[in-house]
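Heads up, the next two complexes both have subunit A, just with different partners, subunit B and then subunit C.
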Partner chain A sequence: MMSAAQSQSVRTGRITRTFIYVFLLVASLFYLLPFFIMLVNSVKPLSEITGGNMMALPQVFTLEPWAAAWSSAQVGVEPTGLRPYFWNSIKMVVPAVFISTVLGALNGYILTKWRFRGDTILFGLMLFSCFIPFQIVLIPMARILGILGLSGSTYGLILVHVVYGIGFSTLYFRNYYAAFPTELVRAAQIDGAGFFQIFRRIMLPSSGPIIVVCVIWQFTNIWNDFLFGASFASGSGAPMTVALNNLVQSSTGVKEYNVHFAGAILAALPTLLVYIVAGRFFVRGLMAGSVKG
Partner chain B sequence: MARAGDVDFKTKLQHWIPKVVLSPSLALVLLFVYGFILFTVYLSFTDSRILPSYGWVGLENYSKLWRLSHWETSLKNLGVYAVLYISISTVVGLTLAIFLDQKIRGEGILRPIYLYPMALSFIVTGTAWKWFLDPGIGLEHTMHLWGWESFEFNWIKDRDFAIYTVVIAAVWQSSGFVMAMFLAGLRGIDSEIMKAAQIDGASNWNLYRRIVIPLLRPAFLSAFVILSHLAIKSYDLVIALTGGGPGRATELPATFMYSYTFTRNQMGIGASSAVIMLMTIAAIMIPYLYAELKEDK
Partner chain C sequence: MGFLDINNVTKSYGAVEVLHKVDIAVEEGEFLVLVGPSGCGKSTLLNMIAGLEDITSGEIGINGRVVNGVHPSNRNIAMVFQSYALYPNMTVGQNITFGLEMHGVPKPERDKAMNDVAKLLQIEQLLDRKPGQLSGGQRQRVAMGRALVRDPDVFLFDEPLSNLDAKLRVDMRTEIKKLHEKLKTTIVYVTHDQIEAMTLSTRIAVMYEGYVQQLGTPKEIYDTPANLFVATFMGSPAMNIMNAKVVMKDGRPHASLVTSEGGEALLPFSQDNMSEWDDKEVLLGIRPEAITDPDGADRKSSNVVALENRIIVTEPAGSDTFVTTNLGGKDVISRLRADVPVSAGEMFGFAVNMEKAVAFDPATEKRIEG
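On to the complex of A and B.
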C-alpha cells in the first residue's frame, strides 16, 4: 500500500521542486519540535529551563529528572514516581489486548466463514460500538464496576478495554478473513474438520499480518486511554496516562518541568517503540479505522 | 443406525458452535454498549444527582441543559474547534501527501516523522504543547532570549485564543494520519489517467484540481468521518493542555459531561449531554457505516 511505487510522473520544474523540499523539511521540523523539546529539557537541571532557553541544548547533562520521574516524583499524594503506574498499565494492557484479539479473531472467522441470517446486522452493531462517545457508558459502567467490586482495580479496566475493544478487533479480522478463500474452509469441512480445527489449522497460520495489526492497534489505544483510567481507577490502580496527568497538574510549589518532560517520554515510550519497530503495520491499523482499509 | 444418529448430532453441533462462540462477544456488546446507552438515556429523564435515582422528570434535564451558558460555551468551542481541526488537518494532510508523492528523496524518513505523533497519548501531546506554549518558559520566552523582545504568544493564557492552541496540538497529532490516508489514495490512482491528462497538456495545477483531487473523494470522506468523530470525543487533550480553561475558554461537551456528572453531582444533566454527543456522532457514523456495509455485500 504505502510502499507501492509512485503512482505518476508529474513533471515539476526546479523552483517547484525546491519549494516542495523546503515545505516538507519545515513541516518535519514542526512535527519533531515538541519531541525535541521534551527530550532536551528532560536532561537539563530545572534552573536551565526556568532561567534559560527551552530550545537550547543542555549545558549540564543530567539524568536526574528521569530518575525522579520514574521513582521519586510526587504523583498525587505519594512520592512514588511513575513506576508503579507503569506496571499498572502493563498489567492492564497485556491481558486486555490478548483477550480482545482472540475474541476478534473468532468473531471475524464466524462472520465470514460461518455466515447466518442477520450476521451483517450483528456486525454493524459491533462496528458502531467502536465509534460511540464513551461518555454515554461512563455512568452505568461505574455502577457495574462498583457492583462487581472492580472499581479502582486493574481487573475492572481490563474488562472495560476488552468490551470496547471487541468492535475494532472484530472489524480487522472480518475484513481480513473476507478475502480468505472460503473454498478452503468448505473443503476442510467435507474432509470432516470441525469448527475449531479449521480455525487452528487453516485460518490461524495465515493470520500473522492481521494479528500484528490488531495487537498494535489495541495496544496503542489501551495504553493511551485516559478517560476510562481517570473515571474508574484514579487512585493507586491508575494507569500511566492518569498518573502522568496527575504529575503534571498537581505539582504544588515548584513546577519541575524537566521531570514532567521525562515522565511524558516514559509514558510515550512503549507506543513509540511499537511504532518504530512496526510502523508499517501501525499505519495499516490506522487505515482500517476508516472501515475498509 | 446409531452411527447415522451420531453424524447427525455432530453436524448439528457444528451448526451451533459458531453461534455459541460468537455469543459471549455479542452479549458483552449488547449489554455494555447498547444496554448502557439505554440506561444513560433513561437517566437523562430522571432526577439523578450524585447517584442514579429513578424519579421521572421528563425533558427537564434537556431544557435545563440548553439554558446553561456553560453548555452553550462548550458547543460554541466545539464548533470552532471541530471546523478548524477538520479543515486544517485535511489541508495539511493532503498537501503533505501530494508533495510526498513527487518522487521525493528521503520519503522513507519524512513519512514516519509526520506520522509518529499518532502513536502518542493525548496526555503526552498535551503536556509537551502546554509547556511549549507557556509564555513564561516556552516559545515567547525563547524568542525574547533570541532578541525578539516584542514577540508575544500567550494564546494559551488568553480566553479568546486558548481554543486555537487546542487546535494546533490536535492538528499536530492527527494530520500525519490524514496524510497517510491521502497518500494511499494517491498511490491507488491509475497512472494511465494521469499520463493521458499530461499528454493533453494539462498543467500540474489543473491536473490535481480537475482529476486527482476528485478521484480522492473516498479518502476525503473517510478523513472527514474519522476526524469529526475524534473531534466530538476530544477530552484528554483538553484536560492535559488547558484543563478547560482559562475560565471556560476550552470547555468541550466531553469535559462538560464529565464535570457535571462526577464533580458537580448533576448526573441527570450530564447524562443528557452524553445523549446529545451520541446522537451527533450517530448522525455522522450511521449513514457512513451503512453505506460501507451495503457495498460490502
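On to the complex of A and C.
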C-alpha cells in the first residue's frame, strides 16, 4: 500500500517539498484553530473566559460545562439541556437516512436495469430536487404537512428529509448501477429471481461503497439541517441544531460561553463520528468505477 | 416441428425491423451456431429465445410449447453469457445453485446437483471461492456449471469464448464440443468467429443484416455458400472472388480470366449448367486451398487444371505458405504446402481444383446452382 502510494507520487525537489509541507501545515492550523478554541473554552470555568484570553489553555480543568450542556442548561424555557433534542435528532436522522437510501437504491436499480420510456427525463426531473433551494418549498411543505397531520412532529421532519434526500441518493445509486453489468441481472432473471430478489441478493451486496457514500452524505445533511428543523418542528420536538440555537439565544442570566461551546461540540460530534468510522470508504465509493482494479 | 422452433420471428425497435422473418427448426441434441458480423441480429435472436427480449411477431416454441411471453425462468433454458455474469458476492457453489434455490429446490438436492456438476467440469476445488479469485478459464467453467446444473431443455451460449486468450479459447472450444458429445444436449450458440462455428456446430445459421443468409451443415455452408456474403464470411483466409466470363470450348463451359501477365486463363467448370451463362460475366469463387501447388492438389478431384501466374507476395505461416497472385483483376490468395520453394516475383505453376469452384450471379450475388 505504502510503496504503491510512493510510486504514484510525482517526484519533487526539496524546496518544493518544504513549501508543500509548510502550506499544508498552515492550512490545517487554519482549520483546526476554531475547533481548538471551542475545545479549550468548553473545559474552562466561565470566569476564565470572561476575564481573559480565549486562546489560553484552561487553568482549572472542568467538565462542568459539558454536563450542563448535556442535561441541565436552559434551552428555551425548560432547563433540560440538549439531551432530549439529541434523541429527537437521532429519531429523525436514522429513519430518514435509512428510507432515503433504500429508496435511492431502488430508484437507481429501476432507472438502470428496468429501463422504460421516459426514464431519463424522469431521472432529470429527480435531479432538480438537488438544486431546489430549501426556502422555496417551506410554505408548500408546511401546507402538505398540515394536510397530512404531521406538522410539528418528528415524522413530518422525516418525511421532509426523505423527500429532499431522494434526489441525491437516486443520483448516487443510478450512476453506480449504470456501471453494474446488466448481464448479471439477466442471468438472475433466467435463474428465476424476481424483481426484489435480484435487488436484495445481487445488487445490494455489491453496493457497499455507494451505500457508505450515500449514508454519510444524508446523515451529515440531515443532522446539520437547521431551516427545516426550525420551520417544521417546534418546542420539545425540535432537533439538536435548533436546540443549540435556543441554548445560545436563551436570554436569562449571563451568557455561559463555556456551555455553549460544549453544546456546539456535542451537536457536531455524531457527524464527526460518522466521518471517522466510514470516511475512508467515502473516497473509495466516490472513486468507484472511475479507476480499474 | 423441431425441438426448438423459431417460426417466422421478427423483431422491431419502433419502426426499425432488425430481424426479418427468421425460420429455424432445431432438432433435439443439435448444436446450432448463429454466426455473423456485429449487428447482424444473432444476439437479439438468442435473447428472444431466452425471453430477455420480446418477440415482435412470430412464435418461438421449446419442446412443443409456445414460449412467447413466458418468463425466462419458466422456459427451461440456461444461458452462458459473454462476460460469464457470475454473481460477484457469492461463492462458486452459491453461483451454481442460485437458480435451483430460486426454483425452490431443497438444499440436499441442490448440494448433490452442485457436486455432480463440479465433478463433471472438474471445479470441485473452486466451490468455496469467489468469482474474483478465478482465472478466465475457471470462470468460464463455473458459468457452464451454472447452466448445466439446471438440466435445461436448451442451452444458450452468447459468445462464451470471446473473452479468453487465443490458446485457452481453443482448449475451451474442444471442452464444449466434448461436453456436447457426452451430454447430447440441444445448444444454440452465438459467435462472430467462423472457426468456432465450423468446428462446434452440427448446423450453422449465417446471419447478416437481420436475415438468415443460409442455414445448413458446416460442409454445406463451406462448399456451397448460398451467396457472396456467406462465401466470403466463412473460411479463413476468405474465398477468392474473381471477375470471369463464361465461354464455351470443346462443348464445355469455361471460366475465362485475365492472368497477372495480361493473358487469358481458361478454367473448365465442373457444373454443366454453366453453359446457360455462355458469354456472360460471373463472379468465380475459389477457396485458397483449391489453388495450390501441383503436388498438394486433391488427387481425388477429377477437374484439376494447371495455371501459370506470377507471385506477388508469399506469407509462410508454418503449416502452410500463403501466396498472393493477381487473377481476374483481383488479388487472389492460394494455399501451398509449407515447404514449396516460392518467392515473390517468380512465375509459378498452380493447380486449380475446379470441382470446388462456385460461381455467383453478379447482379443478385446468389450462387448459381450447379
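Methods note: the second predicted complex is superposed on the first by the 261 of 293 C-alpha atoms of A that agree within 3 Å, B and C clash if a C-alpha of one lies under 4 Å from a C-alpha of the other, contacts with A are read in each partner's own complex, and residues count from 1 in each chain.
As a convention for this text, a residue touches a chain if its C-beta (ideal position, glycine included) is under 8 Å from a C-beta of that chain, and two chains touch if they have at least 3 such contacts.
None of the values given here were measured: they were computed from a predicted structure.
Once the two complexes are laid over each other on the shared chain, residue contacts for A:G124 go to subunit B alone; subunit C is not touched. In the superposed model, A:P34 makes contact with subunit B only, not with subunit C. In the superposed pair of complexes, A:L272 makes contact with subunit B only, with no contact to subunit C. By the touch criterion stated above, A:I90 is placed in contact with neither subunit B nor subunit C. Contacts of A:L184 after superposition on the shared chain: subunit C is touched, whereas subunit B is not.
Of the two partner chains, subunit B is the only one that A:S231 touches; subunit C does not reach it. Of the two partners subunit B and subunit C, it is B that touches the larger number of subunit A residues. Of the two partner chains placed by the overlay, only subunit B lies in contact with A:Y257; subunit C stays clear of it. Those residues of subunit A that touch subunit C in the complex are listed here as 181, 183-184, 186-193, 197, 201-202, 205-206. For subunit B in complex with subunit A, the residues that touch the partner chain are 14, 17-19, 21-22, 24-26, 28-30, 32-37, 39-40, 43, 52, 92, 95-96, 99-104, 110-125, 127-132, 137-139, 141-142, 145-146, 172, 176-177, 180-181, 183-184, 186-189, 191, 194-195, 198, 204, 207, 222-223, 225-226, 229, 232-233, 235-236, 239-240, 243, 253-254, 257-258, 261-262, 267, 270-271, 273-275, 277-278, 281-282, 285-286, 288-290, 292-293, 296-297.
By the touch criterion given at the top, residues 50-52, 71-74, 77-79, 81-83, 85, 87-89, 98-99, 102-103, 146 of subunit C touch subunit A in their complex. On subunit A, the positions that touch subunit B within their shared complex are 1-2, 4, 6-12, 16-17, 20-21, 23-24, 27-28, 30-35, 37-38, 41, 49-50, 52-55, 103, 106-107, 110-111, 114, 116, 120, 122-129, 131-141, 143-144, 162-164, 166-167, 170, 178, 194-196, 220, 223-224, 226-227, 230-231, 241, 244-245, 248-249, 257, 260-261, 263-265, 267-268, 271-272, 274-276, 279, 282-283, 286-287, 289-292.
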